[in-house]
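Below you'll find a set of structures to go through.
In the two complexes below, chain A is the common chain; its partner is chain B in one and chain C in the other.
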Partner chain A sequence: MIHPIPPGTRDVLPDEMRELRRLNRALIEVFEARGYGEVATPAIEYDEVLARGDGPATAGAYRFFDESGDLLALRSDMTVPIARLVSSRYAEAEMPLRLCYLASSYRAVRPQRGQMREFVQAGVELIGAPAPGGTVEVIEVLEAALDAAGLDRAVIGLGDSDLYRQLLTEFGVEGEARDSILARLASHDLVGLEQELREVEGISDEQCATCVALSQLRGGREVLEQARSMLGGAVARATARLQATYDALEERGVVDRVQIDLGLLLDLGYYSGAILEVYDPALGHILGGGGRYDELMKRFGIDQPAAGFALYLERVHVAQMEEESRRERAPS
Partner chain B sequence: MIHPIPPGTRDVLPDEMRELRRLNRALIEVFEARGYGEVATPAIEYDEVLARGDGPATAGAYRFFDESGDLLALRSDMTVPIARLVSSRYAEAEMPLRLCYLASSYRAVRPQRGQMREFVQAGVELIGAPAPGGTVEVIEVLEAALDAAGLDRAVIGLGDSDLYRQLLTEFGVEGEARDSILARLASHDLVGLEQELREVEGISDEQCATCVALSQLRGGREVLEQARSMLGGAVARATARLQATYDALEERGVVDRVQIDLGLLLDLGYYSGAILEVYDPALGHILGGGGRYDELMKRFGIDQPAAGFALYLERVHVAQMEEESRRERAPS
Partner chain C sequence: MTFEVAGIRAKADGPLKLAVPRGALFGETLDILDAAGVDTSGARGDSRSLIFETDGMTLVTMRPSDVPTYVEAGAADVGITGKDVLLEQADRAVYELLDLGYGRCRMVLAGRKGDARLGEAQRRLGMMRIATKYPRIAERHFESTGRQIEMIEVKGSVELAPLIGLGDGIVDLVATGRTLEENDLEVREEILECTARFVANRVAHKLRATEVDELTAKLRAASGG
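Take a look at the complex of A and B:
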């Protein structure tokens, strides 16, 4: 007899569970070896506390009233709860502060689009370390985590979350049109993006072309050269920020996996500056993401820059299995 | 700045987290070494699926509607989700089936009474092994888990969940009076119990005295002798069941930690026959519980006897710390 579970949730049976536990341990060991202490926070928080961090993004959260009439919500990520934790427990701590986690989060998504309602993430938060140094440290930890998982081919996309927001402001695109364009960018919908752009009044063909061309710029240092020839102060500022991060990564010898991706835009509201997306080219899956959230801590009363990343544990596991079977098929 | 978290939930900082991880690993290793495979299930399930297992006890669950209008609930334990999992994924499996878990559950409790809304449990479920053999196996695993946690002094109370239900039926106590009496027993409220009993019409003084006296019988084999002299077929039947389990435990040489407790009654609706409560005499804390739930699997279409236990991870950790500092204070 089959008693269903909600779409976007899953059961894990012992064989997979053993592998997930092994992966968990490997990731936490990487984080701890680099000084990141693991924390846990409640899956249930006051809705107003989560909303303080997420802004409109909490519209995607599950909410319910408790027996005292308070509105609670299931957390939709760990970055906001950790910002809350830092303000309550580490306000006087020496910075930078390094924390990591392995935890389930919940999003009220449309499961028919293959999204998970419940998902486990492993990640780190580095609080009190500004760009570009803090960004570089986070990328180094991320690379070590991918190495520990055996994902030799995973790519880290490096973009800038302010690029399009500022560019659209510069081009005078506001309101709904702006939101629609940003949504198309976040979902990598190039056809939709061109369409939205063409419908905006007052935007020139060249401006339109800049937006489309930028969204397709992806690669190494040469991408920054190409971008510099394009319109707009926003492009120049983002390029300078990316250049500084890329130079520092190169200096540390950890640039190999990193691909500059000017088309990158994440839909979480709290990012500013550098953003990251981890991508497995073999599977075509996004394995995780992250970036800087220099403004988020302020919403909790702590004026500190911050950055972090989160890997989707189950997707990393699938990629790991795929890599292992690939290596078995083609022994060196 | 303090941004509160809901009462009955907590943050865990790195020092404690490292210890909890170590305890987690030790417990899962004990379970796996005895053939129990770890599983995970969603924290969110359809309310009607959880209600099928719990009966009225799901009144304590957090519920909310999803975007399709379905009523979802946060699980309030792992036994019901695992019964659901077994019916969906292991209906044709060879029995007995041994599963274990380490998972958070949620109850809409009154936190001012010190109860947790969110709590982590480590436990096992043994499906397809009848009493007394299955009960004895579960108690052996529980003892090994307590040993692994270093809780030398923890006591396992062994009672019978049918004893009072059947005895009250025999005495003609029905409806609200019956529920109130069972609630007083479950909360170990002796004064309230006597009061409730005295208010029942038609119950004799001797019957009343039997109920009170039974609820205080606690100890070794002698307790069964004492009980046998008491009124009621229900007492005779429960005593015979307890005797069989106790004899088997003695034969396996694992009876030392076990204390027969005729006053034991757990408030989860699905128990039948043997019930367990783990108690730390030093701390005065209940560390966990369990028992047989021979009827639960039928509600999910599987006619198999079953038993299991769950330990509250954080309370076990507190007891573990207490034991360690006790050993340090009094070195042998």
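Take a look at the complex of A and C:
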């Protein structure tokens, strides 16, 4: 007899669980070895606390009243709960603070797309370490985690979340036009982007071209050179920030799998400065992401720079399986 | 046994996979690929095959409405399909890189010639019954113009619907207008104009940047953009 479970949730049976457990353990070992202590937080929190995270992706999708009439929500990521935890538990602690987690979060799904409402993330948060040093440390941990998962072909995209916000301000693009241009950039709709830009009054052809061309710049160090020749103080500042991070990564010898990507724009509202995305050639979907959230901690009452990343555990597992079977097919 | 998480399917390495739309866009798509230096002779024959290897690229032919599905999952790295398909499947996360300019057609609201039903339904019933194969585009259009409709989703020849009393009007794609003409229908409102678009998978756009950028540049030149 079949008793259904809600779409976007699933059971895990022993064969898969064994492999997931192995992956979990490998990741947590990497985090712990680098001084990141594992924490757990409740899956349900006060809606008002989670809403401080701001941005459409962090607002709780599943909200309900408890028996005393308080509005609760299921967390949609771990960064906001950890910001809450740090401000209540570690406000006076010595910084930087290194925390890691392995936890389920919950997001609304678009119907009939096989998307997960409940998904597991493994990640770290580094609180109190500014750019570029903190960013570099987080990228190093991420690389070690990918190695531990056996994803030696995985690539980390490194972008800057302030680039377009600042550039559009500089070009005098405000209000609705600005929002819809940012939305086009985030979804990488270049045709729509050009149309929107052309409709903005007082923006020059060259400024239009800069926005479009910037979003296509991705690769190694040469990308920074190309960006430097473009318009705008915002571009110069973002390039300088990326350069500092990239130089530091190079110094640490961990730059090989980092791809500079000026087209990167994440939809989480709390990012500022460096942002990250993780890809594996064996998978058409993004494995994880992260970045700096220097402003988020302020919303919880402590002024500390911070950065982190999260990997979607189930996706990493799929990539792991694909990479394994690829290695079996073509032994090197 | 394999399992699937969030609709993820594996993306193999090897040559770049290009999803090519069969149907109305097929001929012009092959022409523009030829102009961009891609050998399409294999796909032009009478072969029943769906997959064609060319120099350094694999052409995968499919229904235009399947292109976003394959590209989003990474089963195809890049693809070509109509803007109508992309708008109807707006929740598919693919990168839209280029307007190829061909396959131009209009999404319109049409009703029977000289028939006042659309207006009358709106005035007396407060809502129109609209038959369409494009429910999301139609819904967005009427919502953004502040009107309420009853949506009737059909799969086949939508022109049939108002002729025999299913719905007051239709929302459909019109290229020459001949089908409308032959069925005694006329355009009442233009909703939007559609052309063929070049799209890419998000990961392929990052990890196969050089190949994707080169093909984009060639297609841009070939489409005269």
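The definition used in the following text is that the second predicted complex is superposed on the first by the 317 of 332 C-alpha atoms of A that agree within 3 Å, B and C clash if a C-alpha of one lies under 4 Å from a C-alpha of the other, contacts with A are read in each partner's own complex, and residues count from 1 in each chain.
We take it that a residue touches a chain if its C-beta (ideal position, glycine included) is under 8 Å from a C-beta of that chain, and two chains touch if they have at least 3 such contacts.
Remember, predicted model here, so these are calculated numbers, not experimental data.
Contacts of A:155 after superposition: chain C is touched, whereas chain B is not reached.
In the superposed pair of complexes, A:187 makes contact with chain C only, with no contact to chain B. Of the two partner chains, neither chain B nor chain C is touched by A:47.
After overlaying the two complexes on the shared chain, residue contacts for A:286 are found with chain C alone; chain B is out of touch. Once the two complexes are overlaid on the shared chain, A:125 sits clear of chain B and of chain C alike. When the two complexes are overlaid on their common chain A, residue A:110 makes contact with chain B and with chain C alike. Residue contacts after overlaying the shared chain place A:294 against neither chain B nor chain C. Using the contact criterion defined above for the overlaid structures, shared-chain residue A:216 touches chain C, although it does not reach chain B.
Taking chain B and chain C in turn and counting the residues of chain A each one touches, the greater count comes from B. According to the touch criterion, the shared surface of chain A, contacted by chain B in one complex and chain C in the other, consists of residues 110. Listing the residues of chain B that touch chain A in their complex gives 1-6, 9-15, 17-18, 20-21, 28, 37-46, 49, 52, 62-64, 66-67, 70, 72, 74, 84-85, 87-89, 91, 99, 104, 106, 108, 110, 117-118, 300-302.
Chain C makes touch with chain A in their complex at residues 2-13, 72-75, 91, 93, 95-99, 197, 201-207, 209, 213.
Listing the residues of chain A that touch chain C in their complex gives 16, 110, 113-116, 119, 155, 157, 187-192, 216, 218-219, 259, 261, 277, 279-286, 314-315, 317-318, 321-322, 326.
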